Amino acid sequence: MTTMTTTTTTTTTTTTAGHGFWRMAYLGFCALVFAFLIAPILVIVPLSFNAEPYFTFTEGMLRLDADAWSLRWYRQIMEDEEWSRALANSLLIGVSATVLATVLGTLAALGLSNPAMPARRFATGLLISPMVTPVIISAAGMFFFYSNLGLAQTHLGLILAHAALGTPFVVITVTATLAGYDENLSRAAASMGAGPLTVFRRVQLPLIAPGVVSGGIFAFAASFDEVVVVLFMGGIEQRTIPRQMWSGIREEISPAILAVAVFLIVFAVLFLLTVEWLRRRNAR
Amino acid sequence: MTRKDAMGRRFMLPGLAVLLPGLAALLPRLAALLPGLAVAVLALLPCGRAAAQEQTLTLVSWGGAYARACEKGYIERFERETGIDVRIEDYNGGLAQIRAQVDVGNVYWDVVDMELPDMVRGCDEGLFVPIDVDELAPGADGTPAADDIAEDGLTECGPTNLYYATVVVYNDARIGTAKPSSIADFFDLEQFPGRRGMRRSPLANLEFALMADGVPLDEVYATLDTEAGVRRAFRKLDSIKDRIVWWEAGAQPPQMLADGEVVMTTAYNGRIFNAQVLEDQPFVIVWDGQLLDTGGLVVVEGTRNLEAAKAFVRFANTARAMADVGRYISYSPSRRSAMNLISTHAETGVEMSPHMPTSPENIGRALHNDWEWWSDNGEEMNERFSTWLAR
Amino acid sequence: MSENPDIQAGRTKTGSGTGRPMPSPRLDPRLRAALLVLPLLVFVGVTFLAPLANMLVRSVYDPVVADTLPETLERLRAWDGRGLPEETVYEALARELLAAREDRTLGQVATRVNRVQSGLRSALTRTARRLRDVDEGPWSEAMTGIHAAWGETGTWRALREAGDRYTPRHYLNALDLQRDPDGSIAFQPEDRRIYLFLLWRTLLVSLGVTVLCLLIGYPVARLIAHAPPRRANLLLILVLVPFWTSLLVRTTSWIVLLQNQGVLNDMFVYLGVIGDDGRLAMIYNMTGTFVAMTHVLLPFMVLPLYSVMSAIPKVQTSAAESLGATPWQSFWRVYWPQTLPGVGAGCLLVFILAIGYYITPALVGGSTGQLISNMIAFHMQSSLNWSLAAALGGILLVCVAGLYVLYDRLVGIERMRLG
């Protein structure tokens, strides 16, 4: 805390005009930053309806000619076997990894929130480390290790890898929710004869469920967007949507990528709204 | 193709149908829903597997117009005649991915289309299955394979199929009034300002640099064989380094040229031909100092489809298959007997021979790739190139 | 919060007193907590930490040459390192090279020896190819005839060095160092040095991105934190949408915006700011890397700042100003010090994430915007120099681990929040 005695000694007059100018400049600057954040994402939405194979607004589009706009890229990804296979792979890997990460992460968060947990800080550090380790290093290490175990180029290998990378999200969100959990509720339930499992299922879980679900969504989103591990460890059979986008961007970049991107933006907004809704529910 | 489309729809719709309501239902109770989703996805997957149950061969090739030419030229016929399904994957050359698969012992590429120096090097390293020349079909006129195929084109691990050239090409609509006419013009930023496209690889670029620096065609590899020569090549590349846009896939340079991303680029001649005849692009090839290369198919050691893979390599090496590829893209066959089968482009009727890299009017100023030099020095050059690039 | 053992004991008694059997005897709370954490610890240990450890081992351990040429290396041990080794060494090498060619392990050996001294790959492969036609010795003559390298002292030194199972060589390489023939450690020749330069570039870029994120993120976070709740929520969404949007989507967006024929250049040309031939090169270079990375990492700066700032009562600054402080003074002396925890958390987080960045530079960095991670990927996937990739990864890992510990000290890992 800074003491305010120091500031009282200086007396200065502020001109309201100057104040207003700076205020406007400040708001203008913030508006620019918001534009920087959001415009790149918005700009590809209209471009994905481009009738031409270009990445820029054609004159026809600007004149709002109906012919210049089309759904051809959406049709193309719908009909393309590779994209649908990629979607199936992304879902299979994402959902399985999420289930694994959510179960293990929630259990661990319960333990970590307990003040009795030995070496709590160290364990937390270890369990969060997959999130801060550069993914290129994780991917390189996993490639060697999983190859030796015969798990490279298998769905199982990617599920395990993504689950490992997703657990920190679950641990963090559930621990945060547990911080607001009143331990007396468990005690009360136990004093009325409920076993630890019943206490967890009937009392604790319903209360921390928003955190668990948020964590799961984070883990799923992380897997759904992961490309480096898939790049290193996945074969042709394990191509996911980000992997498919990666080669699209690097090799033959076509506006179909933009159509996929729009789908992913819709997902992102859905995820975001869900998590925010859960957070608000939890806050209440 | 129709089968693929039908399967795509079958795949995509249930996928979305599961996903969207799934997400909507996520909100109340994810925990209860997750297993259901997992089951739904698991149920989805086998339908992809079932379709792939017939024998599938994974062919790894160069993508884009070239892969399409092979597909129409002979792969579809191979599939019809043998009932083997060929799945085409793209790559951008090199041995790295194959080495990784063989080293780790998990081979999932069956047949790979590659450049001759890599064929030789990979064969030495035991990455490919040896293929005897006597196993190959005779030429269209009955000549035994050993005499029909150009002598450079026979390796212990299989024959080469096609000749292609890495050429310098410019966009006539954007270049201005003066037109480039030699390899030296590619490096002349004063007369021809603007960005250049080059392949992200030392192969061809080192040769181009030396030729542009005044080294005669027949001394290029002798010069490269000395440390001073290599330095000279890199110095020449240095002079345009900050104006180069690097490409990796063969499909990129025509696109970059059409977009105006570059005014001039190196490219594979067949891709440029396709852009010229199919898309009416005003591209002009400078037939000077182009690097004439050859390549073919190899079977990866440890493949699970050995017999089918070998059958495919033999099929692709027949004179008819080579000539049929030549009906879709301007790459010359490596069999002498196939040369006579070359006629017109299958879709536009354009006469093919003036566009072939081995035709008399084009081959005069061609540099023949010295595969022996590249198979001995490729690794080292790659490393130096990537160091040079990252500086 | 601490659990009272008395209460627990009482509870157990009540439980048994009412006649309902407890499912299991009461566990020690320490044990119970540990048992809950254990499954994840084991899981992360096997699926994540073990691979990292394995990679670190790989950066110093490589048995391939030693296993393929055991006899040769054994006999080379007696050699004093001067002149040429004895005929028996040539004989053993010839035998083992042929065997290696037969087993198809020669390629792996040749690659590794070549990394110690470039040029030896062809010496080994060519020799093995031609030795099949040689029936008897003297082997030294035959081999030197096939490739002149066998008549040079350096070749044998390199072979001996490549035969070490444990070696610090890859770490030396990763720091642009090498061991000279006399055993001293020196820099690589000028035109081969690259990694220190790239590490330095990575640090600079990360630092630059962090500072930029702070400069543009701070005002924004402050605006959100002190806006009325409804508007704050709306503004927060603007930060969270990019946060949740796929990294690849955001990178694609920047390609679409910045490329030569992209939206921004088109707009500039249309507005007459630049001519059609003067289009700006904003992508596939350092600019592309920098802009896209800042965009991707900005939410990681804004969110921790926001959570710290929203806890600062607005009355404080008003109070300072009503007491006569200028807005600047009230900001600098009252407000800023209180936001320092958020600044620290945001900066460290952004820096940690930036230093290991791979995808964005790979896609929009061209050749001049590449960072150390891209070099790791290059050695993993293209040159297949896995040991060097592992050593570079080890160095990067140490940097990140150091920052991570620092983060824990300053901010506390358990205070990390998402979204």
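So that you can tell them apart, the chains are marked A, B and C in the order they are listed, and the count of residues begins at 1 in each.
The definition used in the following text is that a contact is a pair of C-beta atoms (placed from the backbone, for glycine too) under 8 Å apart; a residue touches a chain by one contact, two chains touch by 3 or more.
Nothing here was measured: the structure is a model prediction, and the numbers come from that model.
K.L.:
Can you tell me which chain pair comes out on top for contact count?
P.N.:
Top-ranked chain pair by contact count is A-C.
K.L.:
Farthest chain from subunit A, going by the mean of C-alpha atoms per chain?
P.N.:
For subunit A, the chain whose C-alpha mean is farthest off is B.
K.L.:
In whole angstrom, what separates the CA-based centres of subunit A and subunit C?
P.N.:
The separation of the two C-alpha centroids amounts to 20 Å.
K.L.:
At what distance in angstrom does the C-alpha mean of subunit B lie from that of subunit A?
P.N.:
Distance between chain centres, rounded to whole Å: 37 Å.
K.L.:
Using mean CA coordinates as chain centres, what's the gap between subunit B and subunit C in Å?
P.N.:
One centre to the other, that is 32 Å.
K.L.:
What positions in subunit C touch 2 or more of the other chains?
P.N.:
Expected reply: 259, 261, 381.
K.L.:
Find every residue in subunit A that makes contact with two or more other chains and list them.
P.N.:
250, 253
K.L.:
Counting only residues that touch at least two other chains, what does the list for subunit B look like?
P.N.:
none
K.L.:
Given the complex with subunit B, which residues does subunit C contribute to the contact?
P.N.:
Interface residues on the subunit C side: 101, 104-108, 110-111, 114, 118-119, 121-122, 125-126, 129, 191-192, 194, 197-198, 259-261, 277, 281, 284, 366-367, 370, 375, 378, 381-384.
K.L.:
Inside the complex, what are the residues of subunit A that reach subunit C?
P.N.:
Going by the criterion above, the answer is residues 1-2, 4, 6-8, 10-12, 14, 19, 22, 26-27, 29-30, 33-34, 36-38, 40-41, 43-44, 47, 54-57, 100, 104-105, 107-108, 110-112, 114-118, 121, 123-130, 132-138, 140-146, 148, 160-161, 163-165, 167, 169, 171-173, 175-176, 183, 187, 190-191, 193, 195-197, 214, 218, 221, 224-225, 227-228, 232, 242, 245-246, 249-250, 253, 257-258, 261, 264-265, 268-269, 271-272, 275-276, 279.
K.L.:
Within the complex, which stretch of subunit C touches subunit A?
P.N.:
Touch residues, subunit C against subunit A: 1-3, 7, 11, 14-15, 18, 20, 22-24, 29-30, 32-41, 43-44, 47-55, 58, 216-217, 219-220, 223, 235, 237-257, 259, 261-263, 266, 295, 298-299, 319-321, 323-327, 329-330, 333-334, 337-338, 352-353, 355-359, 363, 373, 376-377, 380-381, 386, 389-390, 393, 396-397, 400, 404-405, 407-408, 413-414, 416-419.
K.L.:
Quick one: in the complex, what on subunit A touches subunit B?
P.N.:
78-81, 83-85, 87-88, 91-92, 95-96, 98-99, 102, 147, 150, 152-153, 209, 212-213, 216-217, 235-237, 247, 250-253, 267, 270, 274, 277
K.L.:
Any idea which subunit B residues touch subunit A in the complex?
P.N.:
Residues of subunit B touching subunit A: 4-5, 7-9, 11-12, 15-16, 18-19, 23, 26-27, 29-31, 34-35, 37-38, 41-42, 44-45, 48, 58, 63-64, 87, 89-90, 92, 104, 106, 108, 248-249, 251-252, 255.
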